[in-house]
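Both complexes below contain chain A, partnered by chain B and then by chain C.
Showing the complex of A and B:
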């Protein structure tokens, strides 16, 4: 038997660093690919993804004009996937951004402005976290009407309390540092300390959380659009494409493969990027992957 | 323990109150003139007013809210405008689909996640552990409805073993009911497992590095013995919490999976009633689901206090 005390601390460290790099690299590659596809869609599309071309209905994949074939109305799949990437970014990043801003504000207030503020905000976040998001989103879509804005609003409602919690605990640990005490003794105000000392020190946490919730937002948006309460045409969503494939041509067609694959690759990429960034930006936090 | 339980109870009641207020405002505040929408374009003003009056929709919102809460506390969840069916009946009829689906999905998820997560934690740094971590990462990225679609293509269309969707009622044929639930449960369970594996893995990893496990190893237990006899109870704490937090996720997954496999469960009922503007039905059903989730979290909190004396005393 080998001596555990002597070998254990060294061996895992080496391996960890290796797998960390692979995670980050794969995450970056997938994410950049995703962003590039969305960007290109603004300048070039194989054909209009919303105009039916009846003579081209249900073309098989791997044709020169239609790389992944066409759907039941003759619309090009690649063009739809490309425009769908835009929706994913708009809704996923939109939801994550608004939640990040609201979560940072509430989290910082909870961390820095006394016990009453902390209790109110933390308990409020707990309550919001225990409300099932999908059900609320259905209700929201019914009352506000479906669309990208409603979906962003719904995502903000689910994600903000999680951001609040994470930002609060990260800010609290920064606020205990000695340099905060010296800034206070120097006469700096609370707002100055938060803006100048706390936010830069929790920026890593904020970036990581943003990446992970960007991914979660894409998944949720796809689910809502699949249910028919997310975005609607002329916007295109990968979840909506899966719904249409199931409704019109049956699940066994290749149409039910591509959008799902796109979701998996993009969400996987963002999650790997988030985990990789966490190890780089925030070595104190333990890896959870 | 009593003080801890009381605090948790107070939180439970507060959460239910806030949630009820939010649901009511969301549905009623943005709902427009409900009676007019229910009766359609050709309705006369008299008919609209009569309907609004029958259901008390013409009263001020605070009165309606108060009335709704008092009625619910007496077990009266209201009724549908059109069919006059009571919400309680509507909901109970759907539970024979939704509850077995959600519960089996969660159990399947745990049955997969606990051994696999433990194995992944014990093999951290080895190729097998890395492969499991990667599989779980991919599983998390798979939308639950796509998993459902793929499984029904494989087992329903290609192999023809199981129905691709639809529902046979328990009364008609219990075997048929189970057959129509297999693929939905499998999709839900696999996706739940992917999420849970990560948490189980990190919970077991945390425990494995604790002093008491090292002590147990020092007095001669094997790694497995130490983990099972000393570590498991401690790893159970975070896992119980995660299960509580995942309940909301589980319900979201159930909603979508019911749509994928056209199961006549709660979520299809909610969607249909949302479309028909049956505000009372939607409002009460959604409230029931939310109360259930908050209640599960309340029980999880209590359990947490029972399992770990440090938590109930610190609170």
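Showing the complex of A and C:
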């Protein structure tokens, strides 16, 4: 007896749903793993990641006390990666959250409060987007001093104009719908319409954008810390670890590989999560599938 | 089966033969001389860009490595054996009371063909006398007049004997430039040296060519390019790939890599003290003296040295000097008034309540070998009970905070630089420099050393000054680093720097 169902090709519709789920699942797994590592770091660390133990310097990976070895000052790599995850969340999520809030406010104003507001905000966003983000961050670090807060501030400056554009576009689309006209005829004010009808309808876009900019925030923070203008010790960042590893890259390559791998996995996870969520939350995609 | 194996065997044989040939060619390539040898050219690597070439107003090592001795010469040269050789001055006389120096100027031309005159020498010495760079002008502290005697003689009169003046005439303080080209010194310095600077491109390169008007023996190397490669590892990679012939100055953060990659075996490794630097902590003088002394006791020099994994290149010391300076002393019980004593420091902190004094450690975030001390020292000081926070800032802000801020806004920092002890001379507390250090006693000892009429007296006074500096615990030396360089094995003739830290290209030859 042959099981026909088992050998029959999967219908295109079903295959699509499976691949969508796979993207989302991998994204969720990687992101949750990242969050768990950061959370655990508050309660447990293999050792203090800032205290040098010179006699243990440059130990190779896969030792019982130092799973991924030690750096040039004998500090445990796992402990540093765990604390680095916290910084990535603080800075990446911090920058993305503030930008999301500011971008949502400005985007909604641009979409709903007439041509003057729209033109002012849109051109302002254009100007902001024309300024190279990294240069802005370097100038901010030079004037305000480096650190997590400066980095969040820099990320906010990069991301808010982009959020503004996306939210404006999504909100304008919703504002064209018939139910909005009905609400207006019913006498609802703009604020009510935005809060009750527009925001819930663009929530999917906001969530997806948040995950993508969270990932971008982590990348930018790593870049700034790598250049020495982001987070500095006693805080620890994966970018800073890359910077420190650069001095020993000719001697011990894994020192650069571990933080690099962490960045890749987390950014990949967040991007897959964003893509997966978009596929799930976007009604047009849902209809197509 | 047999027939199938044959081609495989023959293929394996071919591969083995090819591998052997490749290995043979590979090793031949390693042994081959630089492609630049036949043309008598060299390519060197510098790690920093000076920004300006005006050695009168800038004291940057990045500039002093290349312009003095190669392009612009001093009046005289001090050789390693202590002898003095002629430079722009063909001969000289020193009065018995050591108050009058007469320099006979060499009949030669600057690189643009114009003759060197006594007026140029008077102009150059006056420019250095008025230099804002203390290291340049300090040689002239005792100078009362600089005058032209005739077209080829210049007389310098001192108010008191000065060792610094005579030594200065063989260093950057004694460099001679043409007065007519002074306006372009920042981009095109000119002199009588064996090379002409053909071009300088910021953050890119220096191009030198042999000076056709040079008075001395024509250099073997006719053309030299100094590429500015800020990434140290990239510089070593370029050396290994045969793209450059020398990395004459290699900073401590690369030493471990250098030996682990066995570059010291593939190339000629030279070590020399002149381009070495002392690394030292600076504890703001406004802090309580006992607090400073307690901080000094938390400094574990051995840990710091070990952290670089290249103990062969640096020595622990409590003396602000390099091993080539006669008053230098390595770390010992006799020469370290506040040796590493962690438990003692913890006890004092607890007894005196220093934990309630907030302290700020200013550290560089973008200079590897100067951010590393903070990684070691801050946790150690915190562990001893000090209430210390780390202010990690980039070079631009650091310069503002430390060098330009008045008074400088830091409690503790670590520096690496010139081993010139006169930089801490301070006759008046209101004129304390960036280091905050000002000691009348120290300044007097330096003054007495300067006025010494014999080498013995000079050394005695310099040792006394070094001792005062140690005991004051403001400038707290950690290690003395050697100058380290790599040269292609076929590139011979390197001489230890004679004019400050300048790398002389002229003695090199293939």
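Quick note on the criterion: the second predicted complex is superposed on the first by the 263 of 289 C-alpha atoms of A that agree within 3 Å, B and C clash if a C-alpha of one lies under 4 Å from a C-alpha of the other, contacts with A are read in each partner's own complex, and residues count from 1 in each chain.
Keep this in mind: a contact is a pair of C-beta atoms (placed from the backbone, for glycine too) under 8 Å apart; a residue touches a chain by one contact, two chains touch by 3 or more.
Everything numeric here is computed off the predicted structure, so don't read it as measured data.
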item	value
Partner chain in contact with A:260 - chain B first, chain C second, else both or neither	first
Touching partner for A:227 - first (chain B), second (chain C), both, neither	both
Partner chain(s) touched by A:246 [first = chain B, second = chain C, both, neither]	both
Of chain B and chain C, the chain that contacts the larger number of chain A residues	B
Touched partner set for A:35, first chain B, second chain C, both or neither	neither
First (chain B), second (chain C), both or neither touched by A:72	second
Contacts of A:45 with chain B and chain C, given as first, second, both or neither	neither
Partner chain(s) touched by A:105 [first = chain B, second = chain C, both, neither]	neither
First (chain B), second (chain C), both or neither touched by A:146	second
Overlap of the chain B and chain C footprints on chain A, listed as residue numbers	141-142, 227, 229, 246, 250-251
Residue ranges of chain A in contact with chain B within the complex	11-12, 15-16, 19, 123-124, 126-127, 129-136, 138-144, 215, 219, 222-223, 226-227, 229, 239, 242, 246, 250-252, 256, 260, 263-265, 267-268, 271-272, 286-289
Residues on chain B engaged by chain A in the complex (per definition of touch)	11, 14-15, 18-19, 22-23, 26-27, 29-31, 124-125, 130, 133, 137-138, 140-146, 149-150, 152-153, 157-158, 164, 198, 202, 206, 245, 247-249, 251-253, 255-256, 259-260, 267, 270-271, 274-275, 282, 286, 289-290, 293-294, 297
Complex interface listing, chain C residues touching chain A	233, 236, 253-254, 256-257, 260-261, 303, 306-307, 309, 363, 365-366, 368, 371-372, 374-376, 378-379, 383, 390-394, 396-397
Residues of chain A defined as touching chain C within the complex	48, 50-52, 54, 57-58, 72-73, 141-142, 145-146, 227-229, 232-234, 244, 246-251
